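Listed below are the structures to be examined.
You will see two complexes here that share chain A, one where it goes with chain B and one where it goes with chain C.
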Partner chain A sequence: MNIVEILKFIVCILIFPGVIFVSLFGFILMGIEEKMYSIMQQRHGSSILQPIYDFVKFSSKGITLPSKAFKSIFIAAPVLSMVTTLLMQMYIPIFSNYFIWGNSSDIIFILILMLFPIITLILAQAASGNRFAGINISRAIVMLISFSIPLIIIFISVVYKVNEGSESGISLTLKSIYDYQIKYGPLIKKISMIPAAISFLMLIPAILGMSPFDIYDSNTEIFGGISSVFGGFLLGVVKFTKAVNFVIVSSIFVTLFFTFLVSSINILNIVVFYIIVIIVIIISISFVKSITSKIKIEQAVSFFIKVPTVLSIISLVLVYFKL
Partner chain B sequence: MNNDLYQTLPLILIVVLFIGALLLNILNSKKYFKMHKYVFICIASLFVIISIYMGYVVFHHNTTFVYLFSNFTKNDALKEINLYVDYFNMFLIIIMAIVYISFVIFNLVNLNEKKSKYYSIITIFIGALTVFLTSGDLFITYIAAEIMVLSQAFLLRYDQVSNMKDNLNYIVFQCICSLFIFSGTIILYVFFGTFNIGELIKVIKDDTSFLVISSLVFLLSGYGAKLLFMPFHNILSKIQYNSEFNSSSVTVIGTFIAGIYALVRISFTLFNGNKFHLEWLFIIWGFLIIIISVMKALVENSLKKIITYIALSEGGYFIIGIGISLFSYDTPMQLGAYGAIYHMLNMAFFIPLLYFCEEIIEKTMGTDDVDKMGNIRYKSLLLVICFLIGIFSTMGIPMLNGFVSKWMLYKGLLNIGFIPIIIISVLGFLLIFISLIKVLYAILNVKNKQDVKKVKLHNSVSISMMFLSLMCIITGLFPQFIINNFLNSIVASIYDRNAYMNHGESEGKFATALNIENEITPLKWLFILVLIGIILYLAFIIIKYLTGRSLKNKFHEEAVYDLNEEVDGYTSSELIWSLNNNFGKYFKIFKRFKTESLNNYVFILLSIFVSLTIYIALFIRLGG
Partner chain C sequence: MLKKLVKKSQSRSPWIFHLRTGSCNGCDVEIKAMLGSKYDLEKYGIKFTNNPNQADIILVTGCLTSNSGSKDRVKDILSKIPEPKAIVSVGTCSLSCGVFSDSYAVDGPLLRWINVDINLAGCPPRPNAILESILEAVNLLNNRKERD
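Presenting the complex of A and B:
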C-alpha cells in the first residue's frame, strides 16, 4: 500500500462511504421516510433533519442503567450492534471499481451481520433485568425466524443466478454479484429475480423493525418493544444503529438487484445508487406504512410464510430453470 | 526421522495414559492423595508434550509413524498388527490432548478422594481413544471402541432407579452396536483373511460385491450408532445427564472424534465411498442430526441436556462435511472435508467450554433446570463472558471459530446445490442462538437479589475457561494459518487411499492448497471494527469536550423495574412459547421424534441396517 492508497482507505472509512457519510445519510433517510409518510397522510410532518435533532438530544443525556441490569452486556450489546452495522457499510460496492476490502465481501458474512442488530438487542433485553423482558425476547425471536427463512432463500437464489454455468465452484462474494450485473445488466431484469426482489422489499420493514412488522420493536406494543429498556445515550445509540441500518439494508437490496452504471463518471453512479436507495425506502417503508394498519404477530408470521417465502421459492425454482 | 526409536512414540503415548490411569488408581488413598494431583497433571502434560512433538514430526517433516509389534521393518506393516499415525489421526490426537489438558486444569480444584477414581477412568477413556485413533488394525480398533464405551459407562451415576434404567439401556444398546461392528469386521476377515487396514485397502480396491457391501453397512451403522448416536440422540442426552461432574466435556468430544475418524476411515480409506454413493447418505444423516437435535434443544429445560443436544447438532455439520467431500475429489467439494475437520477442531474448544460453564452454573445454582436459575451475573463476570464466547462460537458469529468451518460447509453445500439442507444449516445458526438464549436469559434473569452470593472462580477453573475462549478467538482469527499448516496435508492424505498403504507416501495427486484469505478476512474485520470503535470513541470525547461534561457523571442507575418486584417474570422455557405458538404446527413432527425404549432403539438400528443395504445396493445397480 502506498501513501495515496492509505489516504484513500482512511477517507473511505472515515468520510465516504464510511462513518460520517453513512450516519448523516441514515438520519436524513429516516427523515425523508417520515416526511414522505406525512405527505402521504396529507400532513405537514416534521423536518427531515428531525432524526438528527433527536439523536443530538439523546446523546446529550446521561446513560441510564436499570439497577438490576447486567451492566457490561447491557452497554456493550447496542455499541457492538452499532459498530458491526457500520462495518457492513464498508462492504457495499459503491464505486465501480473500488471495494474497500477487495473480494472479501462475503454474502454469508453479510447475511449474519444483517441479523446481528436484532440478536444484540435480544441480548441487551436479556441483560436488562426487566421482569417483562421475556415477552419482548419471545416476540423478537419469532419475527427473526419468520423473516430469516425467505431472506436466506433470496440470498441463495441470487448466488445461484450469478454462478449459473460456473465450473470453478460457487463464488459468494458481493463483488461477483456486482460484476455479473455490470456484465449482463441488473438482476431485476431476469424473470427469476423479480419474485426475489419483491420478497426482499417486503422483508425490509421487518429487518428494520418498521411498521407493520414493528411488532417486536414498537413503543405502542406490549411493554414497549425490544428497545424500550434503553434510555438516554444508549437509546441514541440504538436510534443511530437503526438509521445506519436503513442505508445498509436498502443498499444491499440495490446491490443485489439494481446494480448498473449510468456513466463512466463515478460520482454520477454513486448519486444514482443512493437515489435508488431513497426510492426503495420510500416504497418499502413510507408507502407500506401509510396503507397498512398494525398487525398481530400471528398475522405477520403467516404473511411471511405465505408471501415472501413462497415468492422466494418461486424465484429459486425459476433460477433452476435458468430463466 | 526414520529412526526406529521415533516409531515407538505412538506406543509410548498409549503406555503413558494406561500406566497413568493405573497410578491414579493406586494413589487413590488418604496416604498418597497429595501426590494424586501432581501425577494427574504430569500424565496430562506428558500426553500433550508427546502429542505436540509427534505433531511436529508429522506436519513439519511430512512423515508418518508406523510401529510394528513384532519387528521394526516397515515393509511387513501390511501383515502385522501395527500402530499407524498419519496427518489425520495425528491432528485428532492433538485436539484430544488439548481437550484433556483443559479438563485436567479445570478439575484440579475438584480433586478429592471421592471423585479421584473417575479421573483414572477418564484417563483410560483417553488411552482407549488413542488406541482407536492409532491402530492400523480393525480388530484392535473395535476393542478400543469397547473400552471407550465401558469407561464411559463407569462414569455414569447409578444412584437412582431412573438413572439405572437409562444407563442399562445405554449399555445394552452399545452391545448391540458392537455386534454390528464385530460382524462387519469378521466378514472382512473371513473373506480377505486379515484385519490389517492397509492390507484390506489393497484387496478390497473398488470391489462392490455383496460381501463388501454388507461389511460396509455393518461397520457404518455400528460405528454411526455407537459413536455418533444418531438417531439415538436421547441416549446421548440421558447418559450425559447421568454422567459424573463435567466428564461430558471429554467423553462427548472423545466419542465424536472417534466417530469422525471411523466414518472417514470407512468411507474414504477402507472402502471407496464415492463408488458406494455414500455422499447423499451422509448429507441427509447430518441434516437430520442438525434439525432434530436443535429442535430437542429448543424444548429441553435441563442445561446439560441442552448443551448435549447442541453438541450433537454441531456433530451434524461435520457429517454433512464428509458427505460433501465424497461427491467428487475436485477442489470445490474438498471444502466439505476442510469444513468437517475444522469444525471438529472448533467443537473441541467451544463444547468443553459450554460444559465447563454448565458445571459452574449447576454448582452455583444447585440445579440445572433453566427455569429455576437466575442472578448468576452477580456471581461471575468471567463466567458470563466465557459462556457468551462459547455461544457465539457455536452459532458461527464472524471472527469466532464456528464461522470459519460453517462458512466452508455452507459454501460446499451451495456447490452441490441441495437447497433444503442449505436453508436448514444456515437457519441452524438462529435455532442454536434461540436454544442458548434460553440459557443466557436464565443466567442473566433477576430472581431475588437477596439470594445473590458472590462466587469467586478458582484460578485453575478460570485459566482453563480463558484458554478455551482464547482458542475460540484465535482459531476464528487465523483460519488460513491452520489450513496451511495442518488441513492441506490432512485433506490430501484422506483422499489418497494409496498413501495409507504406502505409510503416508502420497503420490501427490490430491495435493491441495485451499486459500480462503480473500473470502474470509477476520483480521481485517477486526481491524476495521477497532478502527470504527476508535473513531466513535474519539467522537464521543469531542462531544464531551464541547459540552464540558464528565463521562463518569453521565452514568446513573435507576431502579426502573423495582416496582414490579412482586411479579414473576418470564421463565426461560416460556421464551419459546411464542415460537411454539406460531411455528408449532410446522415442526410438530420433530418434537414427536422420540426413541424412548430399548426396543425402539433396536428396531431403528435394524431399520437403518436394512435401508442402508437397500440404498447402497440400489445405487450400485443404478450406477452400473
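Presenting the complex of A and C:
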C-alpha cells in the first residue's frame, strides 16, 4: 500500500463517503423528508436544516441519566449503535467502485447491522429502569421479527438471482451484486426482482422507525416510545444514528436494485445515485406518512406477513424459474 | 462560529413539555388546537416531548389540585428539566385558580409554589396567544443564555 492509497483510504473514511459526508447528508435527507411531508400537508413546515439544529442543541447539553438506569449499558448502547451504523457506510459502493471491506460474506453482516440500531435501543431501554420499558421493548421485538423475515427473503432472492448460473459458487457480497448490475443492467429491470423491490420499499419505514410503523418509537405512544428515555447528549447521538441510517438503508436499496452508470464521469454517477436515494426516501417515507394513519402493532404485523413477505416469496419463486 | 451555531440551534429548536396540574381541559384543548396545521408550530422548530429531560420550555395548565403529593410531583418534574428552562403558565387557573378559587380541592394557584417566567391569562387563552407566549419564552431563554 503506497502513500496515495493510504491517503485515499483516510479521505474515504473521514470525509467522502465517510463520517462527515454521511452525517451531513443524513441530516439534510431527514430535513428534506420533513419538508416534503409538510408540503404534502400544505404547511410551511420546518427548515431543511432543522435536524442539524436539533442535533447541535442536544449535543451542547450534558448527559442526563435516569436515576434507576444501569449506567454503563445505558450510555454504551447508543454509542455502539452510532459506530456500527457509520461502519456500514464503508460497504456501500458509491465512490468509484471503492469498497473498503467488500471481499467476504458481507451481506449477512449488512443484514445484521441494518437491524442493530433497533437492537441497541432495546438494550438501552431495558437498562433505563423505566417502568414502561417492557411495553416498548415487546413492541420493538415483535416489529423487528415481523419485518426481518421478508427482509431476509429479499436478500436471499437477490443473491440467488445474481449467482444464477455461476460456476464459481455463491458469492455473498454487495460487490458481486454491484458488478452483476454493471454488467447486465439494474436488477429492477428483471421481472422477478420487481416484487422484491416493492417489498423492500415497504420495509424502509419499518427499519427506520418512521410512520406508520413507528409504533415502538412514536411520540404519541405510551411514554413516547423507545428513544424517549434519552435526554441531552445521548439523544443527540440517537438522532445522529437515525440520520446516518436514513442514508445507509436507502443506499442499500438503491445498490440492490438501481445500480447503473450514467457516464464514465464518477461525480455524475454519484450525483445520480444520491438523487435516487432522495427520491426513495420521499416515496417510502414522506408520501407514505402523509397518506396513512397510525396503526396498531397487530395491524403492522399482519401487514408484514400478508404483503411484504408474500411479495418477497413471489420474487424468490420467480427467481427459481429464472424469470 | 461554533458558539454562534449552538446559539442559533438553541433558539431554532425549542422543545416543549406540557404539564397538567388539574385543569378543566379547556387550556389543554387550545394547546392541542395550536398543534394543528393552521398554526404550524414546526416552522419555528417547536416540538412537543413527553420527557422532561428533553424539554426547554414548560407549559403549565391547571390550578394545582390538592391530591396527595401533587404539589411535590410538580416540583419533582420541574427539577428534572435541565437549565436553561422557561416556565409558561397557560390560563387563568394557574394565575389565580379562576372559577375554582377557594375550592377545597385546590392547592394553587401555581404562582404560590413556583417561579413562573411568563403568565398567560384567559379562560381559555386562544392558540395564537399561546404561540406568542412560547416565542416570548424562546427570546427569554436566548437572553438568559447571553447573560450567563
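As a convention for this text, the second predicted complex is superposed on the first by the 319 of 323 C-alpha atoms of A that agree within 3 Å, B and C clash if a C-alpha of one lies under 4 Å from a C-alpha of the other, contacts with A are read in each partner's own complex, and residues count from 1 in each chain.
Convention: a residue touches a chain if its C-beta (ideal position, glycine included) is under 8 Å from a C-beta of that chain, and two chains touch if they have at least 3 such contacts.
Quantities reported herein were computed from a predicted structural model and do not represent experimental measurements.
J.: Quick one: is A:F132 in contact with chain B, with chain C, with both, or with neither? Answer first, second, both or neither.
T.: first
J.: Between chain B and chain C, which makes contact with more of the residues in chain A?
T.: B
J.: May I ask you to decide whether A:S72 touches chain B, chain C, both, or neither, giving the answer as first, second, both or neither?
T.: first
J.: Which partner does A:E164 contact after superposing on A: first (chain B), second (chain C), both, neither?
T.: Neither: A:E164 stays clear of chain B and chain C.
J.: If we overlay the two complexes on their shared chain A, which of chain B and chain C does A:T64 touch? Say first, second, both or neither.
T.: A:T64: touches chain B and chain C.
J.: According to the stated criteria, A:I112 is in contact with first (chain B), second (chain C), both, or neither; which is it?
T.: Once the two structures are laid over each other on A, A:I112 reaches chain B alone.
J.: Once the shared chain is lined up, is A:S228 touching chain B (first), chain C (second), both, or neither of them?
T.: So A:S228 only meets chain C here.
J.: For chain A, give the residues common to its interface with chain B and its interface with chain C.
T.: Overlap of chain B and chain C footprints on chain A: residues 60, 62, 64.
J.: So in the complex, the part of chain B that touches chain A is made up of which residues?
T.: So the residues of chain B in touch with chain A come to 331-332, 335, 377, 381, 384, 388, 396-398, 403, 407, 410-411, 414-415, 417, 419, 422-423, 426-427, 429-431, 433-434, 437, 440-441, 444-446, 449, 518-521, 524-525, 528-529, 531-533, 535-536, 543, 547, 553-562, 564, 567-572, 574-579, 581-583.
J.: Touching residues of chain A toward chain B in the complex: what are they?
T.: Touch list, chain A to chain B: 13-14, 19, 59-60, 62-68, 70, 72-73, 82-84, 86-87, 90, 101-104, 106, 108-109, 111-113, 115-116, 119, 122-123, 126-135, 137-139, 141-142, 144-146, 148-149, 152-153, 156, 159-160, 168-170, 172-173, 233, 297-298, 301, 316.
J.: Any idea which chain C residues touch chain A in the complex?
T.: Interface residues on the chain C side: 5-6, 8-10, 12-13, 37, 40, 42-43, 45, 48-51, 53-54, 82.
J.: Can you list the residues on chain A that touch chain C in the complex?
T.: Its residues touching chain C are 34, 38, 41-47, 50, 52-58, 60-62, 64, 219, 223-224, 228-232, 235.
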